[in-house]
């Protein structure tokens, strides 16, 4: 079956990012397809490569990047939400006149239409938030 | 009177950053001293210079930077909270092996002891959070 | 084949950003030619109150945008009666949201339908995709 | 002159980070030679439950750290009776938190004091600084 | 002590818990989504109305206005203040506690 | 429909609202802090116990374990599942709604 996933909260502060990850891993192991994981609201904070969590804790950002690489999953950060919160790839940074960017590998920035499309194309859309 | 302020949530997602700002401005106008504003939990996300909010909305990060400059206010981001969430100044970025930093002007990164000190030194400590 | 999308709004405006960012999804979603409904229940009914004035707070007043929903063909807006009553509100306290019905000579009609919790449960069950904020 | 610091914990662990990050403040604060108390009420009492096992969740189990508080001279830990009762819990469901009393030949004593809401209100009122998480 | 509450009493138990712990002579300030606790005629109005016998209640005007709550709908006896009034309250009471 | 609830019923009205809108034959899955709703003997247990006549309840085991809630304290009739079971539920019901 084809799943889409919406992640609405940032890493560590709420459990949503953990639940979404555990759900995604289980879905993949059961042979389901992940059409897209869309990050909205503070969820875009899952996509920063500048995080350095304590060594005895999980690295939520790296987990996503690894998952994207190993299973070729489409991780999309909402551009409007990312702009408000200061998450940018090189293109976005240049466009907004910023001197640095911080997006982690495996993610891409795109519009809210990608969320609607995720709802249309997948058999199921499930939301993890606060 | 000497106030310290604790901001526990990020900009836009919760009203805490707005209330803290409106409170601080009013306190300064009434002649009070702001000993320190300490940013903890997602509050550290107030200190990124990569945010580009919509032009018809307030720019929360810039407001803090301007306030710090005009009134010489000590804006401190908790280092442990900032590391978890990917907020870094140039020193922190170098120390953690990161290729970029994102801290906004007027902020500095320091330890949780600065929060305790803020509670000890000020006449009042007030918390804005979720 | 179009899908039935329901946007469920349960949170008050301004205290958190969910109401505003939910509305942004609805506006983008309107371009996708799906069957769109909005539900307002619990503290979500506060999103639709009349007379919101945000100048002194220093934040953007996004309540006028709800009035534009009719122009985007978003005109099935369900407000839960029990949620209003628990908050001492009536329909008169809410923004008058309308649309022009192209099947009825562009007559202006109310977009808001007051429904009971039981009716709203049926509406939720009749959807293909439910997005909650 | 030392100040009386009270850390108020009202949120459940793991669902959000506040419990963990509050504990980090307490540990750092212990070095400042202030008078420190902790209050656990509402869902905050869930922070102290025994038998927390986080392996399957994949997050760090920080509950053992509460047991180290005694070594940091943090031994005034107030748990609200009404909050426990509403959750079907008793003191036996909580971690046994103890400290060694240097004024009593290092006898091992309980750090947790079960208090009523009315008593906790008095304790809150007796502080200089209240930090809430 | 000054207590602040920033959550809607229709959504959370925060205001109820605050009131249960606010001693006679203390003040409760309703801010952000907490201002819904200041409204007349809601399911939770009686909670505040009965607590007002022992505790002073305040509410932030700019938060009320943003939410379209007319001052006429605020429970009688609750003082509507602005951020200057907020600062004065923090100064007046020896400490504050935020019910988050 | 599959409903998910991730908030403690002792702190929020979310579970109550979900139950009020869950139709006969639907399922409610308690996740994250929502797992406190699966405990026996709390102030809110009766809410779930009475809803179980019409709706199936599930709870995430790893979330229970993290919080130190022994399976023996879970209300009889609520199924404890893992993330694989979560995936199966999402597949089984034609849609899901998250009560946030």
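Per-chain numbering from 1; labels A, B, C, D, E and F assigned in written order.
Just so we're on the same page, a residue touches a chain if its C-beta (ideal position, glycine included) is under 8 Å from a C-beta of that chain, and two chains touch if they have at least 3 such contacts.
Because the structure is predicted, anything quoted here is derived from the model rather than measured.
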item	value
Chain E and chain A - chains in contact with each	B, C, D, F
Topological distance between chain B and chain F, in contact steps	2
Two chains sharing the most contacts, counting C-beta pairs only	A-B
CA centroid of chain A to CA centroid of chain F, Å	26
Whole-Å gap separating chain C and chain D, where each centre is the average of the chain's CA atoms	43
Whole-Å separation of chain centres (CA-atom averages), chain D against chain F	28
Two or more partner chains touched - positions in chain E	6, 10-11, 13, 32-33, 62, 82, 95-96, 98, 100
Overlap residues in chain D, where contacts from two or more other chains coincide	11, 14-18, 42, 57, 59, 129, 132-133
Junction residues of chain A - those touching two or more other chains	8, 12-13, 15, 22, 41, 54, 80, 125, 127, 129
Which pairs of chains touch, using the document's own definition	A-B, A-C, A-D, A-F, B-C, B-D, B-E, C-E, C-F, D-E, D-F, E-F
Residues of chain E touching chain D in the complex	1, 13, 17, 20-23, 26, 94-100
Touch list for chain A against partner chain D, complex	12-15, 18, 21-22, 54, 56-58
Touch list for chain C against partner chain F, complex	8, 10-11, 18, 41-42, 82, 117, 120-122, 124-125, 127-130, 132-133
Of all residues in chain E, those that touch chain B in their complex	4, 6, 31-33, 60, 62, 82-84, 86-88, 90-91, 95-96, 98, 100
Chain B partner contacts - residues on chain A that touch it in the complex	10-13, 41-42, 45, 48-54, 61, 80, 83-88, 93, 96, 98, 100-102
